[in-house]
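Alright, structures below, take your time with them.
Below are two complexes that have subunit A in common, paired first with subunit B and then with subunit C.
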Partner chain A sequence: MRKLVLLPFFLILGLAFYFIYIAVGWNALVSVSQWSGLRVSYAFSGFEHYTELFDDPVFWTSLKNTFLLFLLIPICMGLGLLLAILLDRSVRGEKVFRNLYLLPFALSFVVTATLWAWMYSPSTGVANSILRLLGLGSLAGMWHTTKDSVMWSILLALIWQFSGYTMMIFLAGIRSVPEDQVWAAAVDGASTSQLYARVIVPQLGPSFLTSFVVLVLFSLKAFDFIWVLTSGGPGTASHTLPVMMYRVTFEQTEFAYGAAVSVVLLAVVLAIVVPYLYLSYRRK
Partner chain B sequence: MSKTREKKMAAGHWTATIFIALIVGAIILSPVLEAVGGSIDEIIEDHKARGQLRIYHWWTAGGEREGIDAAFDHFAKQYPNVKVLSAPVSGGAGTNLKQIVKTQVVAGNAPEAFQCHPGYEMYPYYDADLLYPCNDVWGHADLEEKTPKVVQDVCKIGGDYYAVPIGVHRTNVVWYNKAMFKEYGIKPPEDPVTFDDFWGICDELSKKLPKGKYPLALGDRNNWPATHIFETLMAGVSPQTYENFINGKVTPQELEPVLEAFQKYLSYVPPDHRARTWDEACGMVCQGKCAMYIHGDWAKGYFVTNGWEYGVDYGTFPAPGTSDWYGLDADSFVRPKNSVNPKNGIRWQWSYTTQESQMAFNPPKGSVSPYRDVSTDIYDAYSKESAEALYDPHMRLYPSIAHGHGSPEKVVSNLNVIIGDFAQNPTDISGTARGIASRVRRVDHPIAWGIVE
Partner chain C sequence: MNWKQMVLLVGLVIVACLYLLPLWTAITTAFKTSAEVASTGPLSFPKNPTLEPFREALSSLKTPYINSVLMTTGGVVGSVFLGSICGYVFSKVRFKHDAIVFLFLAVGAFIPYQSVLVPLYITAAKLRMFGTIQGLILVHIAYGIPMCAILFRNFYADVPDAIINQAKVDGAGVWTIYWRILLPVTLLATLIVVIFQFTCIWNEFLFGLVLGGGENQAMPVTVALNNLKGTFAAQWNVQMSGALLVALPVLLVYTFLGKYLIHGYMAGAVKG
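So, the complex of A and B:
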């Protein structure tokens, strides 16, 4: 009977293997195939899609923007940690603030992108209106509508959306520090800043790693927010690798070329995630 | 035999049974593909037909939903035993639907029919031999007799019909705010509308309009509304250039005057046009912030929803240089291979070409019937004019590029990016013209269009 109990387990494992590793392998296969349009062909085409890719200026813009989104990581972590510490100082209405900060993360990217598109609207949007109200009219900008400011506008909106999430992770981390250590530090006469800098933050390693990985993975696959806010434009100014992949695959029906883009994306993911896995396993 | 061994055997037995059950279940549940056989008359007249009709379409908003539901109701009356599985996929102009349909059709899990802009949008499916021709439906319903020539042409590839049109939109329309025209003493131009007339109105308006109001609107956050205006101006500047463009032969020299006209259009629009979608641009016209907008006639839906009346609050005239041209944006259904009940796909295509279905579908959708035998009395004032223009034998038609008829999707996808870029920074005309021409000429253009006699 034990075998029978294990059956669903193996079934799930098999499905997971199929949908993850086989799919990844299949994607790599398509990227070197002669698949053209909707005519399926697995005949080997050499690495022409990759050479084409490396000659394509859109690819380099997309890669640069994908890396630019990594700026999210330090900013969201810093902001999240700060918010978590402030909340930990048992401010009044902690629950309200906690939920308020977390709320953006609970919303769908399509909703928030539409919201930010309205807020950024240079003539009628709230962003410029507030700046003008504060007498900072000279700072009122074109936001997501020009090449120069589009990526920064996307970053700002994503910081808003992700900081609440990192705050939750850090708050949970802070709360799991044993109370006796906090008391001991207090008895030894540690100031509040010393308490955080010397006792609590050094124990937040797992929280840092978790939020790091989540933010890295998000920046690498950022698509829906950007697609709704800018469609990758103006021109190709806000293309990221996933935006490029979508356009090539589904707008232009170049499945093989799109697969090549995603293999590059996978390589970037692995370059970041493998060291992380290595580090976390070595520690154990 | 020991107890444990007996247990093990029992377990093995069970595993085997479950596996066999799973396999048998999978075989039973896997749809048995029906062969297309029998004459077209037999298929269409078989009102006791059974099976399913799975349909992908992107009509999910207001009136369009109503329209397609009415067409389904009509189908259900004709074939009460067929189970209609409507699969609406929201997302303007089918951007999301294309993604789903492409994967499903390639995977061999095709619906009986899916919505498609006839012309180049269906070409990848044709090229991979994934579509059924539908000459028989066209023949059975006598559609050639009833449709304008270019509507026939967009539905054909290599001499065979692959799509059956359900409704038609006009793209080359200037929408204007009547109250603003009155307030600033502007008279709408008379036919034929020339570029001089159009720019004259724009100049007069920009002299008279206060700060914060503009002669023209644009909402190109999703790029294609800018491409839409670009193609309309191209048809107005020179139909020959348009024909060369869709035949993949356009030169940078031909494109320069078009980009100059587009640059001039852009000089009259609000600077933050990229922050808006097409409907928000219509909103600028409604609020009296912009006087005019070149857009397709689905814009009517926006004005109607906002309580505007045609001829009272808003008016239209043809885009400059295109008074005797009809920019064609047709909707149709095609039938992919590898569906479960292909005959029901035939029945569906036939059912929506009937007068009853056409009359139920087009008025709420805001489109007009591609078929001349449908009375124009069923429409509101605007659509009646549009339908009469479509059936006018002197009217010439051109297939829209921005909406997937005239040019291969790779050209459209790249054109959207280049035009979106130019709209934001309209300075480099010769560089942009070279960029567009090289992107067009690099792609194969297997369909040969003849729009200029």
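So, the complex of A and C:
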């Protein structure tokens, strides 16, 4: 009887699970098929697409770039924590500053990538204009259009987009430290830096964990921003696994091989998400 | 205000200016003529502000804009409503093995969409849903449910069980409690999730790129904006006005309902 009452709920669950698990399983099936080109084929090919990956230089470039994006984690955490502490100390305008720093995070990656393409425009863009203004014209360069600097250009823009978010998380963490501890430290004569180093930051574990997970997942899944700014180029210089998957699947129509790339990506993401969710919701 | 506070404030202002640079140059450039873009610095204020770039951008973005409005409306309504039901059952009704089932659902909010793209593409083609608004709405609902369920489950956990139990004693059924008691006292939670989903779906790119089809089909405005860089390659004023037009709904939400959006961001990341 009770089960029947919950039928609508289980139908919704079924819809979501179909799109998650049937789709993921189906995708895994494609990854071990011989499907190449526009002719659909589910004939078993073994794991050749997975072994093929290891011999594919694009895979290694993508992996290397994903690791490079992991630099976002310490940088955005450091910057976010610093901004959060500064805002915590500031006497006025906290809300205004907070909202300004967080603003980039709310925007679509397609919008921000379009803005940064203009920022990096070689002749009239802001980045080179500022360098010339500072008398550093010799440093003015091609930013996202040359192999050597493309990933760093992407990284810089993403720091801009994500550090406000980590700031938000750390500010919330700082605010949740019990006030009596802050008072007690003040009474004991702790300086401001001691207060943060010894009392507040050690209690920010959950904020660190949250920022870490969000940034790792983003780095692994980074597609929109890179696709709009560089399409993974020049050449394959700014490929990540998701970019590689898109290219292989929808431009080279190697469906099975693209599926194999996405299975590898999924496995890495799950290795992080499942323990995180388990720890978060286990006791409830 | 002592000198330390002054230094702090100046520092915060400088950082704020740096953060606003990309937006500032987008705004000034969007109102310049192509000639002025070429002859002036990217940060200078337009001498003769013109709306011509917006007109040109709109000529390419108009239909996709309407597509995005329809897609976002349908996606938000569907995912929030269905996600809310899931959140309710997981937090207040409970069933056998609900914790593990919830975990399986929550995972769906974090999977990389690349790992479902090929099956979606095949299914969409088979069901003749490729390039239709309905197809995109369905996908956004299905993949929106997990995150909405997580958010609602956390929000509903704050509703005292006593209220629910009292209603049960009074003879109210599972769905009466949901509709008559839980929803009315959690309107703010609903607003937060609606705003959160609105920005997610409006900003989304990958599904639109793969499943949206052409401009006369269901292409959302984010994909159309990306295509502007081909159509208006060196016309930065058109591209910037296009970017501003795409950002506009989110900027409005951020300006007037930012508090709730931020609340959603926090709830979406931090465990409840």
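Convention: the second predicted complex is superposed on the first by the 262 of 284 C-alpha atoms of A that agree within 3 Å, B and C clash if a C-alpha of one lies under 4 Å from a C-alpha of the other, contacts with A are read in each partner's own complex, and residues count from 1 in each chain.
Here, a residue touches a chain if its C-beta (ideal position, glycine included) is under 8 Å from a C-beta of that chain, and two chains touch if they have at least 3 such contacts.
Just so it is clear, the structure is predicted and the values come from calculations on it, not from any experiment.
**Q** Evaluate whether subunit B and subunit C can sit on subunit A together after superposition, giving fit or clash.
**A** Aligned on subunit A, subunit C clashes with subunit B.
**Q** Would you mind checking which one, subunit B or subunit C, touches more residues on subunit A?
**A** Comparing touch counts on subunit A for subunit B and subunit C gives C.
**Q** For A:S219, using the defined touch cut-off, is the partner it touches subunit B, subunit C, both, or neither? Pick first, second, both or neither.
**A** After superposing on A, A:S219 lies clear of both subunit B and subunit C.
**Q** Quick check for you: in the superposed arrangement, does A:T253 touch first (subunit B), second (subunit C), both or neither?
**A** first
**Q** Which holds for A:N27: it touches subunit B only (first), subunit C only (second), both, or neither?
**A** The answer is second: A:N27 touches subunit C but not subunit B.
**Q** Thinking of the overlay built on chain A, is A:L4 touched by subunit B (first), by subunit C (second), by both, or by neither?
**A** The answer is first: A:L4 touches subunit B but not subunit C.
**Q** For A:N65, is the partner it touches subunit B (first), subunit C (second), both, or none of the two (neither)?
**A** Neither partner.
**Q** Look at A:T166 in the shared chain and tell me whether it touches subunit B only, subunit C only, both, or neither; answer first, second, both or neither.
**A** The answer is neither, since A:T166 touches no partner chain.
**Q** After superposition on the shared chain, which partner residues are touched by A:L107: those of subunit B (first), subunit C (second), both, or neither?
**A** Only subunit C; A:L107 stays clear of subunit B.
**Q** Taking the superposition on A as described, I'd like to know which of subunit B and subunit C A:S121 touches: first, second, both or neither.
**A** Both partners.
**Q** Can you tell which stretch of subunit B bumps into subunit C once we superpose, 20-28, 92-100, 128-136 or 218-226?
**A** 92-100
**Q** So subunit A touches subunit B in one structure and subunit C in the other; where do those two contact lists coincide?
**A** Shared contact residues on subunit A: 2-3, 40, 117, 121, 125, 246, 250.
**Q** So in the complex, which bits of subunit A are touching subunit B?
**A** 1-4, 7, 37-40, 117, 120-123, 125, 142-147, 230-237, 246-247, 250-254
**Q** Taking the complex as given, what residues does subunit B use to touch subunit A?
**A** Residue positions touching the partner: 7-8, 10-12, 14-15, 18, 98-99, 102, 105-106, 124-125, 127-128, 130, 212, 221-223, 270-276, 409-410, 412-414, 417-418, 420-421, 423-425.
**Q** Within their complex, state which residues of subunit C touch subunit A.
**A** 1, 5, 8-9, 11-12, 15-16, 19-23, 25-26, 29, 37-38, 41-43, 82, 85-86, 89, 93, 95, 99, 101-108, 110-120, 122, 139, 141-143, 145-146, 149, 157, 173-175, 199, 202-206, 209-210, 222-223, 225-226, 228-229, 236, 239-240, 242-243, 246-247, 250-251, 253-254, 258, 261-262, 265-266, 269-271
**Q** Under the stated contact criterion, what part of subunit A meets subunit C in this complex?
**A** Its residues touching subunit C are 2-3, 5-6, 8-9, 12-13, 15-24, 26-27, 30, 40, 83, 86-87, 89-93, 97, 99-112, 114-119, 121, 124-126, 129, 160, 164-165, 168-169, 172, 206, 210, 213-214, 217, 220-221, 223-224, 227-228, 241-242, 245-246, 249-250, 255, 258-259, 261-263, 265-266, 269-270, 273-274, 277-278, 280-282, 284.
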